[in-house]
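First, the structure itself, so that you have it in front of you.
A, B, C, D, E and F label the chains in the order they appear, each numbered from 1.
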């Protein structure tokens, strides 16, 4: 079994807040990450697949194909967007790094299985100091 | 003469757009960077000073002092903020990387001179692929 | 289950040596890392927690709280210090990268459990070429 | 149990192609990575060992020794070489990132066991966007 | 005056050698960089332009346009190619980092002037330890 | 004219302090950088030379030769050493980043001129947030 990872990037705006709470409560829980006028990040996404190497090609899968799937399912929807307002798969979900990783997993899992591989890990880095990893 | 640089970071939302233009024209000129719902970045700021080494201390200036000035004048105003809406020194200015570098220079120059040094360069990195440098 | 990581840094002096051995024997085993006059590193610390996402907040835990714990328990004790002479939790322990990771784990585990999460991994990078990981 | 990693680098030329296929078929499967005139990369190699810390030294193993083994078995054979033509352990093997990681594992495993440790992971990074990991 | 930089990458094979010299002499001068079977690198290219900020847009130039020019003139010709054999603008030129920077400058200068900016610097990084800069 | 840079690293212990001052005064001026028991850093050194490209080789100078000079004159003296106690060329000099850059310049200038090039810049990075540059 081999593990192969593709790195992609996207830049997005977001705000951590819970609709059921007022701004004061959101500010108390989320601090400056709850700024009502938004802030944003250069997100770095690492998608890791596992499976057997195809002896015909030496590939688990062709990373160009994986890159296309990530672009279609994830990057095109998130890049230069507002995570709270514009991203279909983030609707109603607090865009914490943890939740972003989990929701990206859900977007990718079907296509990865259809390629004949397994999704192993989705890692989302929000800043150079913070990242989340989800293994399903 | 010696040059000394301090690196700081901030995360902000912005939108490239010109108030005199409608959204269609803004989109044509600025592309996805003009998304009306904002997007954002992990900005990296490098502030370079030049001057003579103080033989008493071996310092051009104490970088702790420079860091405090950068935090007061720049980071506290930009970090987790919306550049178009909330930053006093960016009011009415298109927040391109170029303009961000120029406006940060203006914020810092007076305090740097008051410290007995010269401001040499403000470098603002918007993504790992794009950065601007301003030398006054 | 989600994994979340916080990165922190500290700069410290150390020397690899065993008190029971003389300098010649220490030099033979540890090479230049045993220099009696010390040397030092910019250490990079990655603390990874695992657990369930709190549906109220979207967080495993608030990384600001984790950062505070790491600062109180680890960074304040190690940063700009001599690991062999000044750090209570390193007393009598050879400050190899392996041991630094293990001892930092011991410092953090109780507080992490008290936060309602599990400590998954402590990774300590000594140079860009060497790092150790401890999983308890 | 502790995990310790050594990072090494090498620069090599390669071409993804299968001898049984003609250039057209190779181009269709491998794209520009199958350029008959070769291309190349700055590979980054991470070798991770696991085992118990030796209480005498605080080391799992001395990373200087691991570095020597990696240099003898791997770097000296790959660095500034053509992977398809000149590397004994890559003969007849498509030099995909996956296969490079697997073959490096085979080169190192015996020596690592002889050192009293276990080989845990070989990670090979081909570009900043692509890497493979092999755990045996 | 403002300076703005775009970073791009390409992967290529090359060999340092002088056609007038035999392999022995080439090896003596260029060492392993003269391996007759080629080797390769992940090159990183930084193109810096200078000029005035357009008050209409806040841009010196639109970096998307610069990126397109760099792709057309440089990246498409070098990426996944053999510098000695396949790159029109490197014909007859020893592909040292210095010469690569100089030849890329020549490829870009005309288009940059046509955009209304000045080419300030071409920086080519061959490895994490070596890079060349050319200012015309 | 071309500029070429070599990157090298060293790990050292140091303490910022002035012998004429007592510990209290040193602490007041230099803060935790004046800890009497030392601390240390992973220093990164960038040495930039300028001159003309030799049409015979495509090199300004052979970077292997520059690397040897830097190792002999600088790295071997600083690596895994105490800057205040053990480095001949730092005797009596406060080891601030500024002074380290200036003293390394003095060590290298003669040999670089003897190679037929000019020393353009010595850049010393003390942490990821602080660096000094000296141009003679």
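Basically, a residue touches a chain if its C-beta (ideal position, glycine included) is under 8 Å from a C-beta of that chain, and two chains touch if they have at least 3 such contacts.
Predicted, not measured: the structure shown is a model, and the values here were computed from it.
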| item | value |
| --- | --- |
| Intersection of contact partners for chain B and chain D | A, E |
| Least step count from chain A to chain F, where 1 means the two chains touch | 2 |
| Farthest-lying chain, centroid of Cα atoms versus that of chain B | D |
| Far-end chain from chain C, centres as C-alpha averages | E |
| Chain E and chain F: spacing of chain centres that average the CA atoms, whole Å | 29 |
| Whole-Å separation of chain centres (CA-atom averages), chain C against chain E | 42 |
| Of all residues in chain A, the ones touching two or more other chains | 128 |
| Arrangement of touching chains [line / ring / star / complete / other] | other |
| Which chain pairs touch, all of them | A-B, A-C, A-D, B-E, B-F, C-D, C-F, D-E, E-F |
| Chain F-facing residues of chain B, complex | 1-8, 48, 53, 56-60, 62-64 |
| Chain B-touching residues of chain F, taken from the complex the two chains share | 16, 18, 29-31, 93-99, 101-102, 128-135 |
| Footprint of chain A on chain B - complex, ascending | 9, 11-14, 32-33, 35, 37-42, 79-82, 85-86, 127-128 |
